[in-house]
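After this come two complexes, each holding chain A, first together with chain B and then together with chain C.
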Partner chain A sequence: MILSFTFTKSAYCQISLDYFGNAYSKFNSRFRLNSLESNISNYNLTNDMELATTFSSEYNGGLNSSIYSISISKRINSHYFYVRYSPGISQQFIIKSGMNIQLPDSVAQLKTKLNYEEKFGMGYAFNFSQFFSLGFSLRYFSQEFTEEKPVLFYTDSVNYISVKDEIAKSNFWVGDIGLTFLPHPDFMISIFSNNLFLSEESKQNYLTDIYSLKRNKGITTKLFISPFEQFNISAGYETYGSYYTGFNFSTKLFRGFLTIGSLIFHDRYQKPFIAGFIPSLNYSTNFFSITLSGVKYFSNRSKVQSIDDMIKYGIHSISNNSYSNDKVFLTINFSLSLTREKQIKLIDVDIKDDIYPTLNDIFIHKPFAIGKVVNLTNKIIEVRPSCLIQKVNDEIVYSPNVKLLPYDTVEVPYYIFINNSLITKREISQAEFFVSVDDLEPDDKIQKPILINDKNSWDGSVSNLVYFVRSDFEFSSKYSKNILQSFKNYLDTINYELLIFNQVKILFENFIKEMNYVADPRASVEHVQFPNETIKLKGGDCDDLSVCFASLLESIGIQTAFVDYKNPDGISHVNLLINTNLSPSRMNLITNNDSKIVIRKNTDGKDEIWIPIETTCLKDFDTAWNLAAEKFNKEAIEEYGLSNGKVTIIDIY
Partner chain B sequence: MKKIFLIFISITSIYAQSFVVEKVSGNVQALIGLNEEWTKVKVGQLLKGSDLISTGEKSLVQLNNNGVRFILQSNSALNINNIKRLSLNELLLALAMEEIRNVPKIKEDNSRRNTAVYGEKVESVTGDKSIFNDLGVKKLNGAKQLAINGYKESAILLAKETYRKYPDTKTRIDDRLFFVNLMIELHLLNEASSELNELKKMKLTKDQNEKVEHCFEIINEEMLKNN
Partner chain C sequence: MLLNNKGGILFPPFKILLCFIIMLFVISCGEPSPTELIFDNQSENNIQIEPAQSDNDANLNSSGYDTTGVVNPFLSKSTIINITGVRNTNYGMIQSEGYYYAIFNDKTKPIKIKNGKLIGYKSKVFSSVKFDNYEAVKIPNVIRFVDGMMVRDTVLGIKYFIKQRMMQNGQMHSFPFSSKVNIKIAADRNTFTQFDVAIPSEIVGKVSLEGNRLRKNLNLILEWNKKFDDNVEIIIARFRQNSNDTEPLLKLKGNEIGKIKLPYSILENIITPQNKFLIISFIRKYEKQINNIILDDTYIVAQSIHNIKIEIP
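Let's turn to the complex of A and B:
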């Protein structure tokens, strides 16, 4: 029996192919350039919401254009949802039996109409990590088969033949699952089922037995490899013997990327061996993507074919079968996201240090917090960390840029500049940490509580006492100069080599006159007075007195250094070394006892005499010198304190 | 762990460093602790770590620390805590401290230092410089005696300290060569080399020059052996 078919509508190609062909690349990955046929696991990098519409056009005696599918997708964190309405995925066959029936007023040729439709589909995916995604798809199919049958009517007067329609409907759901694995940004593999779950809504009859879509179970594997930055290869294999391979090439064009791709496929149920190919042309920007693609079959689709083959092999895909025509597709994807696409994610921020307002300079050179950032894209990007701490900054403080490789996770440092160094109250504030890729809105942010200490708080590191020394130079300079002014006559007459030594001696004797040793209040944080506060309060502990006296000297150009004596019991002590600027050969000008001096090479390599001074000794200069020398000789020299780290000399620059 | 324990014992022994004066001959003086005035040393006197003793012409002093005797010959000086046995590690630690205590070099300009002195120089030197130079020379003599008595590490340390505190003693080339040889003996080749390089820059006699070159040869040989 020879039958002829007439196609009223038809669609695209084989079961795991879709109309985009090979349009997907790293440069347009923010759009879904595939559909439920080739991406059962629904892996996608859509940022927020996306709308896609596809128009199809095919020539089957006349040009036939229609809306092929409309889809909308939405990402919520790691969840991705996809819905597709597909009026264009349908195919109708009219099978003429060749049998003519003489009706009372005409001749009728008996026909069988087969109507296949995929009404809609939906998908879901969950991104477990940047490397792994799992998802499923559900599609709803509708089939209607109408067979015209001759029926004999017997009446009293006449018997005649009429035509009656035998209608069989068969609707069903197909569910599949799939996974996508990306061990590397340039390599992706997807594995998914074909026709895994089936749910029939209608009863079977002989028509459905003959004509229903074949739903063989199988597995499809897809590979995506990017051997070069702009060149991609893809391939797919279906376990029931169909496969395809293709490539594409991307190049930057205006503000977007142009991708040209091609794909050839072998279909077990179609001839010739390479059944056809799908060329594709895509242009994508940040906001939209346009794809022009088409299917060209290599066999002659207009010839009359045997119904026996159709019944024998069946229809496996509505859109791609031996009877499908060449088609052209135009797809437009719109990014509906009102927010910027997130290119980086700030995973966490580790606050390393509390904020000490007086130690401002430290925070400029040393990060107070470290953030962990992941690059969500397949590109190398530069991240700009920034932060804002309430009550500390008036505006956002930017830290240096950090480069991130595709999908890489790195630590980014956060620096801070303290605008308000006169914070008088210790309290918890909120620090906002940002990461951004360009100058627009930050891509991500995290808020964390942070302890803001008051201006007198100190982190316990003697090297940081220098900030307290420097902070009051104006006051200290005035104070020192006032005292020295009253000794002008004496200082004018002494040997110029001894000027500094005598200035130190005069300043110390005057400094200690009104001072008392007062220990820090019991508190969880160290407290250091500014020089003007120590003078005003007339006392302090070793930190306060050393800071104050160092400031008085440094403010008039006399070089000093802290000597930090660390004790295993945690109670440390600090006093001073003071540069007399005397050369060792002039030691006899100030002492007969060489145990009282410390020789230090200056930055020019010249030896100079430094003297230790115990600032908590409030008796007189010589006693303070002797006490400090004794401590230095014992702990720094004899006990090798300088070598084993128990004693440290910290120069105040 | 064992090493740490040994150092601890050694340090402990420093604290206990004290000598009784057994014999005094001629002019022997001491600077006790951090005092500025020299006092005469008497037999039976207990001298402690930081005390400095000094002998004059044709003088000597004999010290005893639990049977360990040390005689300081004429024209010599040393601190009591110089008379101690140091391990090579302790010597290296002490030498390292010389560098640690220096003012670190900074990259940015430190033009902030404005210690220029205006006005006329007033020459009113107090103190007798020659006495000081004498003390430096005496300390070098003391260091030599330490070396001769087996306290080689302490001798090097004292010599280095003396050269820094009494820079005029650096011109005593023969003394410096003595300590260079001592350094070579203790395999302190870098230190010895550094000393020799400094010596080469000075005005040397033919004999001294030959000695310097000889020392360099020995150092080179030792270094080759070590490699």
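Let's turn to the complex of A and C:
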């Protein structure tokens, strides 16, 4: 619903009125339904290219139809260009001078012909943002004044009077600037100059002094308000005293929108006080827009008027002055877009996380970027976000669809699936973010730089070490099984309840045989080795060793968990908890010291014994167990680390 | 080929619309009529203007602008009676005179020159002509005409004439503007006719220039003391080269407001550095006709004339 109320003032006459009246609404805004007269700043939502043709029909003793104007406009990103040829913006006057001349064979009444034309115009606008647009317009005017003058010729025998034409031409350019500000989609204000820059092409003489278009400088202010969805109010004010006001109403009709508008105006130099009104009827679809409008003046324009007022006040607008006749306009705008018309606009994208190839699963479930999109249409649409990151994806990755209400702005999540997880070099890449409404080309896109880490990079979150554990199960399983195979005879003889405990012990003793503690090679970014790298390099820091040993156990079905000891100084530590599958009542099978175990419930709700293992203790299993248990009891239990969050247990499954 | 925004060929309704537009292009070839504007009736631009030239067929170029400065066109009338008060303004000097005369043409005796053109008639002789009991004297009726390339004078008979010269100081007789003059014409001792002729009020004209010659907007502003129910003519004349004779060029009809703005263009090709003077004659006159046993086919005129000599810069 759109109501349009327009308010304009001018010292002269309504120079900011154009033939569209109040046809512009939200629902036809993709077409330019205003002209250079009322839209000096050239603010427009034309998406690509548009052709508009206006025909006018005027009653002036007889009905005359003509092509009023032909315009073409083109948008290139934030730049908007507009060119108009306007053969119909013209007015001719014949002034009967009152001088009757006796010619040799007739009586001639001398006349002066005035011809005013606005030949063509052009406009440009630059959209600095969706809130602010700045533009200018240039218009070229042509004037020709032909005055019939009596000339006496004489001979000795006879005198006679002839008539000659005195012709004065005056062509000039008018340049103006304007700005449009949209603090809210339902509120728009435009301010533009009138006759700011003038450039004369011709010399002045007495005819041009008298009859030239008045070009007083002024300012026009226009407001556009949409108090309701289908109802607009617009108002305009021109300095020195002219103004107008109008409204329009839009409703859906077939596949387009019908807009009915009206506008009344007061003109300082036209009578009566409300000089006339401009009704308009517009029907717009995605492809074309048809506008039927007209100007009805309330004073009698058919009677012969005196030249004296014209000489005294002059005329300030070719298309709207005291002598303009009632007119009807038919305007047809065509969309000449050879590219897709945008239904949605991607305003911005906020990248939340850098890309860590090994943490692929995280990015499937958690958006790595959030985009802000606006629905440019008047209907509910379903937007599909998608993205492509060079060197990470081979093809576009689609995220879930999001519904948008008409003209609504929402945030859409971008997910990524990392095809190439074996990236060995950390570098800046380009991420392309798309939004599309259907399966055709994206409606909009934004490209942003993004940091792609290598496969060993880790974001510092212990919970994400899980992905390093899982990444190498095949190797780990093979490694663990080989070791256990060599202890098959021993393991076959032990109590089955202690099988897991003994497997852990055997694996740990063998694992640490060749291991050394080696600090992280890089200080700036957390670096975690894959299990096979740790085995191959025979060492690592707490992250590497915990990941590797957890992987060895998990790969053969032994449940493990990370214990994350957060340190306020920033240096954290990680070791492991390992599920022995023993019930608490069977604790004495492995120890009589209950501080060395941790009781945790399994998925069935039954208690099970978990033992802590310090993987950086490379002496023996019991020492590693004791050290880990001591640390756990002190920091997690006695210092309430589990309660206050300084110690976290993260299950690996 | 135009494509729709799906990248495909235009769908049929779009083609229909396009055809409709082309049709409108074809029929939209009318040219709006110009808006007509007029000057108010009370405008100084309301002028009726015609070239002043002799209205007889004798090729007289003097056109009756006689040596008294009185505009007196040749008239093919049997009786011509003229009572004229003349005011001449020349560089601020004002001189007033009055002229009364009567001519009685014998239209059975036309005078023609070699090429057969009529230049006048032989005059008839009456016993006496009196204007307000002042008897007019008989003087030769001299006319000037062009015979081939020569300007000649000739006498067509007699004219009954009184000249009433009035200096600004110590005028002997004032010209009876806004009054009446009694005319008594005696054909012989026993036969006469007598009647009154109304004299118009004195016309006082004013000539000024407005505008700039270089900007081509120089105008002659002609003003006079407008009276109700006025009948004013303005004659614009110039001096013949190397002569004090004047030559009427234009005749304007006075308008209702007593002011005329005459565009300079009409005079610009007759003003030369050697001849920059114009004579503007404002004429207010009453005309009368009488038909009786003695007089018929009469032209009786009483007029006030103000001649102003100006120099065009």
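Rule of thumb we're sticking to: the second predicted complex is superposed on the first by the 352 of 653 C-alpha atoms of A that agree within 3 Å, B and C clash if a C-alpha of one lies under 4 Å from a C-alpha of the other, contacts with A are read in each partner's own complex, and residues count from 1 in each chain.
Methods note: contacts are C-beta pairs under 8 Å (C-beta built on N, C-alpha and C of every residue); 3 or more make two chains touch, one makes a residue touch a chain.
Worth saying up front: this structure is predicted, and the values here are computed from it rather than measured.
Using the contact criterion defined above for the overlaid structures, shared-chain residue A:Phe287 touches chain C, although it does not reach chain B. By the touch criterion defined above, A:Gly557 lies against chain B but remains apart from chain C after alignment on the C-alpha atoms of chain A. Residue contacts after overlaying the shared chain place A:Asn626 against chain B, while chain C stays out of touching range.
Looking at the shared chain after the overlay, A:Val402 reaches neither chain B nor chain C.
In the superposition on chain A, A:Ile494 contacts chain B only, with no contact to chain C. Once chain A of one complex is fitted onto chain A of the other, the partner contacts of A:Ile67 are limited to chain C, with no touch recorded for chain B.
Residue by residue along chain A, chain B and chain C are tallied for touches, and C comes out ahead.
By the touch criterion defined above, A:Gly98 lies against chain C but remains apart from chain B after alignment on the C-alpha atoms of chain A. Of the two partner chains placed by superposition, A:Val410 touches none, neither chain B nor chain C.
Contact with chain C, but none with chain B, is seen for A:Pro150 once the two complexes are overlaid on the shared chain. In the superposition on chain A, none of the residues of chain A is touched both by chain B in one structure and by chain C in the other. If you check the complex, the residues on chain A that touch chain C are 53, 55, 58, 60-67, 90-102, 113, 149-154, 156-161, 164, 166, 205-206, 286-288, 304-308, 310, 323, 325, 330, 332, 335-341, 440.
Contact residues of chain A toward chain B in the complex are 492-496, 499-500, 557-559, 561, 581, 583-585, 587-589, 591-603, 607, 626, 629-630, 633, 636-640, 642-644, 649, 651, 653. Put simply, chain B touches chain A in their complex at residues 11, 14, 31, 33-38, 49-50, 52, 79, 81, 90, 93-94, 96-97, 100-106, 110, 112-115, 117, 119, 121-129, 131-132, 135, 164-168.
Interface residues of chain C facing chain A in the complex, by the touch rule stated above, are 2-7, 14, 17, 21, 24-25, 27-40, 43, 45-53, 59, 61, 146, 211-212, 215-217, 249-250, 263, 265-270.
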